[in-house]
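Each structure below is given as structure tokens.
Look for chain A in each of the two complexes below; its partner is chain B in the first and chain C in the second.
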Partner chain A sequence: MKNKRRKNQWSAWWFLGPALLGIILFSVFPILRALVMSFQSGSLISMHWTGLSNYKYVIQDPYFAKALQNTALYAFTVVPIGMVISIAIAWNLFNRIKHSKFFEALFFMPYVTSTIAIGIVFRYIFNGQYGLLNYILRFFHLGTPNWLDNPSMNMITVIIFGVWLSLAFNIVILMSALRGIDPQHYTIAKMYGASDSEMFFRITLPQLIPTLAFLLTVNLISAFKVYTSIYALFNGQPGIAGSAMTAVYYIFNKFQTVGTPGVAMAATVLLFLIILVVSFLQNKLLNKVGRR
Partner chain B sequence: MKFIKKLAVAATTAATLFATVAGGLSSTVSADSIPTKVTKKTTITFWNGMSGNQQKALQTLTQEFEKENPNITVKLENQGQYKDLQSKITSTLQSPKNLPTITQAYPGWLYTASKNDLLVNLKPYINNSKIGWGSAAKSGIKSSLMKGAQINGTQYGIPFNKSVEVLVYNKTMLDKYGVKVPITMAQLKSAAKTIYEKSNHQVVGAGFDSLSNYYVLGMKNEGVDFTSKINLTSAKSKKVIDYYADGIKGGYFKTAGSQGYLSGDFSNQKVAMFIGTSAGESFVKKGVNGKFDYEVAPRPGKWNMQQGTDIYMFKNASKEQRTAAFMYMKFLTSKKSQLYWAQQTGYIPVSQDVINSSEYKNNKDSKVPAQVEAATKNLYTVPVTKNSNAAYQQMNTIMQNILSHAKNGNLNSLIKQGESQFKNAWNQ
Partner chain C sequence: MIEVSNLNKTYENGYEALKNVNFSVEKGELVCLLGPSGCGKSTLLNIISGLLDATSGDVKFEGKSVLDVAPENRDIGFVFQNYALFPHMTAEENVMFPLTVGKNKKSKAEAREIAQKYMELTHITDIAKKKPGQLSGGQQQRVAIARALVQQPKVLLMDEPLSNLDARLRLQIREEIRALVKEVGITTIFVTHDQEEALSIGDRIILLNNGVVQQADKGQNLYLDPANQFVANFIGNPVIDLFDVQFDGNQFNNEHFNLLAERLADNKLKQKLPAGDYVIGIRPENLQPSTAEMADFTIKVDDIELIGRERILKFYFGDMQYRSLVDIEDQIGAGNEINLRFDMKKAFIFNKDGERVY
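Then we have the complex of A and B:
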């Protein structure tokens, strides 16, 4: 018995080997290298030990604080808002609309289009003077904010864009989850005269919990790593006066443009720890909700 | 357990090996004697950030060079925009074997490369009478541009695609309101004010594309160089900031905002004048499209910023490659090439003779050439020191922050905040 298990283990290692090697080389090694670099200063070609000074710089840098604030604001608004809207759209598509496949494909299109390209289009939509959005707002005699050039509007613009972007993936996953629910539940519920909203809250939502848990985790992590949409919206800068600076933007900027990889890596390590803690807490919370 | 230990040892060994290979190599080619002829087939690579017309013109010039020098092949490798090119250079510096023979670059991008002895000092090539010119003066390249391609006093680069800032104005509108073309900053202010008032606040008078340039040149005009010693809260600095902030408060100045350039607002007649790069004229022309007459004048104020990149050579190149690359650089900066290059792209010629030549000045397609001589009298470059490039870029964000709150913010506290951000950029 013991012998057999050992044999199994060895062959398992052989199967795991290639993948494991890849993971060590391209995932574990970079993380360790980042950790080491966060204690070093100088340029990439001549790094030397500097102790905790990078961490000191990052923690005291008001831009990093601002970047973390913005990232948290983005993650904790875009993810729930995007999720609620996606559920509403998916439920309506599934329940009330014929040819839902067609609309599903339509909603999925942004996901397969480059964010940079969409961002450039949105730059025209959001333009304060000639933009489509303000044209519509003006038509309804509503205020026309300067979405792109007013620093205090910049994060709101990014959030609107982020919510819109998050819909595509969410809707497709939710649609497939909805299709997986046994239709007999609904037939029986209807027989007993359940209303639409009762069916949604008593049958659909509980059945969607595992899918929602998956989407929340994936969305939250990607929200913490937001970068491309900001780059595209503001033409290669983190908003006016750095007002839409996010953590990953900060890291990229310090690494590639400023040329202080040590500082960038210190920020990376801090962000890594934050994402780790948040994901952990979220999982705990979802486990509790799921058990109920 | 034993296996895990073994695995750990193997992984550590692999990681160490990888790190050594990736980070430990450096070039060891020395440059004691310069071959003056390329007798063997030699290939050189040239990283660049040229697109559209610029790329086409570069390809044409390169083909011509290859025809004249059949032994040399030039591989043009486009790396995207300047930002991408800078990122690519920065990340490739750690494995110098992968660097190209030559690259376009701003000197500020290569500060670390020069510190780590990765660049070729071009002086011996320039002074070589066979493949060079004999001396820098004999090259005919404008001396201020040549000096701008130095890092810490060493001539690492040769200026190539250069531009300066110019004032672009809506001639139809200025004539209509009886406004003279401004020569000084004070005149710019009053001209902008007049236009704003006479147009019933419909047209903003003026704006600056680059806020970093605005501040750096504003300080230089006040006699202050761009160093870490600049204090944003000093009287001179406040004067420079207030000039623009007052204009925004008064409605007669504006900034480019997220669009990055004012040429769009200019062609839609939302702004009457703007200070932008001379290399952007083609965009202005396309946007204006005959709706009104536009003209170009030298930037108001004494100093002007020299912009655009130089060509630098990396030490990983072999002796033959270095000679071939230098011959190519010399070809690109020759009078004939520069005239063609300037006419095709809108960059200003690096050769003083071409700037003065009637062939260049009388160009009917472009309004920049006639102004270049006056616009390049006093050229300034941001000094290349540690973090000067970061501080220069940070200046843009600081100014954006101050100016976007000019209408209703407490400027003094914003300037103070800017001062600490500025110092932070220098000390990282």
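Then we have the complex of A and C:
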């Protein structure tokens, strides 16, 4: 019996092998390599050990602090706001719209379109003088902020764009979760006189918790890695005068533009640890809510 | 209490699910809607509950039409076939749910107290803190019934509530349901396709087929005095024996036997029979072994089935199987030739439209 099990295990390695090779080559090795590089300095072809000095530099760098601050601001606004809007749209699509499949497809389009391309379109929408957004705001006499060229507006612009970008994926996943809820639950609840909001908060939302936990984790991680949307919105710059600098942008900047890969990797390791801790805490919290 | 009159339901695709259905249910009565799949019994239940609109006709509760009343205001409790318990709530929270939503919302303490009472009634207090996923089918069933009762509705509707349970549990739960419903005194309509269930649980049975009420009566009467060939054939286990015969004005003939019309009980005959084609129906217990002189026909026993304290002797005329029910102590075996005699006083005769004429 024992022998047989061991034999099974050996053949299992053959099946795992190709995938494992890929993971080691493209995931495990780069992580280790980044870790090693974070203790080294010099250019990519001649690295030498410098101990903790990269970390010291990064921690003391006010730009990194700013980048982290921006990243946290982005993550902790885009994720909850995006989630609430996604739930609202998904619930309404599911409940009230006749051809929900069509709208679902429509909402999913941004997800299959390149962020850079969308970013360019949004540059026009956000444009201070002739942008669509300000045209609408002007129509309702709501003031016309300079979304792209005013440094103090840059993070808000990025956040609005981020919320919009997060909808596509969330809505599609939420729609499938909503379809998974037994329709008889609503029939029953209605028969007992439950109102629409009671049905949503007592029946729908609790049954969405596992899906929400998944989406929040995925959203939060991708929010901490925000980069492309900023690149696209500000024409390859981290906002005006670096006002929309985020952690990944900082890393890219240190690696590519400044040419200090060691510093970039130290920042990478720190970001990795932050994401790890935040998603761990979030999972704990959601488990508690889900079990209640 | 409940009156259904001239009720029709035609679905959008033209399918007529209910055709001129009429019946009434007394206060506190437990009535079974019985019929084969697709006979319209669930449609009927959904119209009574308000989940479905009728095409024409009326449904009255206590003399007042409820067709324009929304389901939540009809004062009904509903138990679904798959229970539809909320998976994220404990048994207790499920039972409390109807008391914590809508216009008649109670305080939490009050809701808990009422829920407690019904959970005691349905014997589920010890599983109050468990979620549906951790409960057996029977326990889930009880939670669903407790939940349907907490609002103290006037009417309880149950849609095949036992079909997801295993055979032994089904027997137990159906007794429990009957005892509970009678204790609470609630008017109940119970939908089932299982005649045995309907016979055992219902005060009265409404037998439906193809959207038409075939007969509405006590179970015993459905068996002993069926309104038509469908009822006679549907009710009873083992099923009734049906023989095609030609009547020549004097006797019923077929290639296997001839029966003199004078053997019929005159008072059972609804009209004088014209000659023609008929079907004689006889319950297997009324087709008994007899002496050779008294025999109507002789058959060879093909197979024997034991059911409890009786044995079913099966035999064939052509490829049609027929049955005779004998006592367990009877020693007849498969392959034996035996003589059988009709007890014509207890037989039924149907015309070729399935209507009963005797």
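The criterion applied here is as follows: the second predicted complex is superposed on the first by the 292 of 292 C-alpha atoms of A that agree within 3 Å, B and C clash if a C-alpha of one lies under 4 Å from a C-alpha of the other, contacts with A are read in each partner's own complex, and residues count from 1 in each chain.
Simple rule for what comes next: contacts are C-beta pairs under 8 Å (C-beta built on N, C-alpha and C of every residue); 3 or more make two chains touch, one makes a residue touch a chain.
Remember, it's a predicted structure, so these values are computed and weren't measured experimentally.
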Fit or clash for chain B plus chain C once both are placed on chain A?
fit
Taking the superposition on A as described, I'd like to know which of chain B and chain C A:236 touches: first, second, both or neither.
first
Of chain B and chain C, which one contacts the greater number of residues in chain A?
B
By the touch definition at the top of the document, which applies to A:61: first (chain B), second (chain C), both, or neither?
first
Partner chain in contact with A:129 - chain B first, chain C second, else both or neither
first
Of the two partner chains, chain B (first) and chain C (second), which one does A:206 touch, if any: first, second, both, or neither?
second
Partner chain(s) touched by A:148 [first = chain B, second = chain C, both, neither]:
first
After the superposition on A, what does A:283 contact: first (chain B), second (chain C), both or neither?
neither
I'd like to know which partner A:256 touches here: chain B for first, chain C for second, both or neither.
first
Check: chain B-chain A-chain C angle from CA centres, nearest 10 degrees, reads 150
Does chain B (first) or chain C (second) touch A:198, or do both, or does neither?
second
After lining up the shared chain so the two structures overlap, which partner does A:189 touch, if you call chain B first and chain C second: first, second, both or neither?
second
Closest approach of chain C to chain B (Cα atoms, Å):
39
Jot down the residues of chain A that show up as touching in both complexes, chain B in one and chain C in the other.
none
Of chain A, residues touching chain B in the complex
13, 24-25, 28-29, 32-33, 43-46, 57, 61-63, 123, 129-130, 148-151, 233-237, 239-242, 254, 256-260, 263
Chain C residues touching chain A in their complex are 49, 51, 71-73, 76, 78, 80, 82, 84, 86-89, 97-98, 100-104, 151
Of all residues in chain B, those that touch chain A in their complex
3, 11, 14-15, 18-19, 23, 83, 86-87, 90-91, 93-94, 96, 112-113, 115-116, 118, 255, 257-260, 265, 268, 270, 387, 389-390, 393, 397-398, 400-401, 404-405, 417, 420-421, 424-425, 428
How about chain A: which of its residues touch chain C in the complex?
182, 184-185, 187-195, 198, 202-203, 206-207, 209
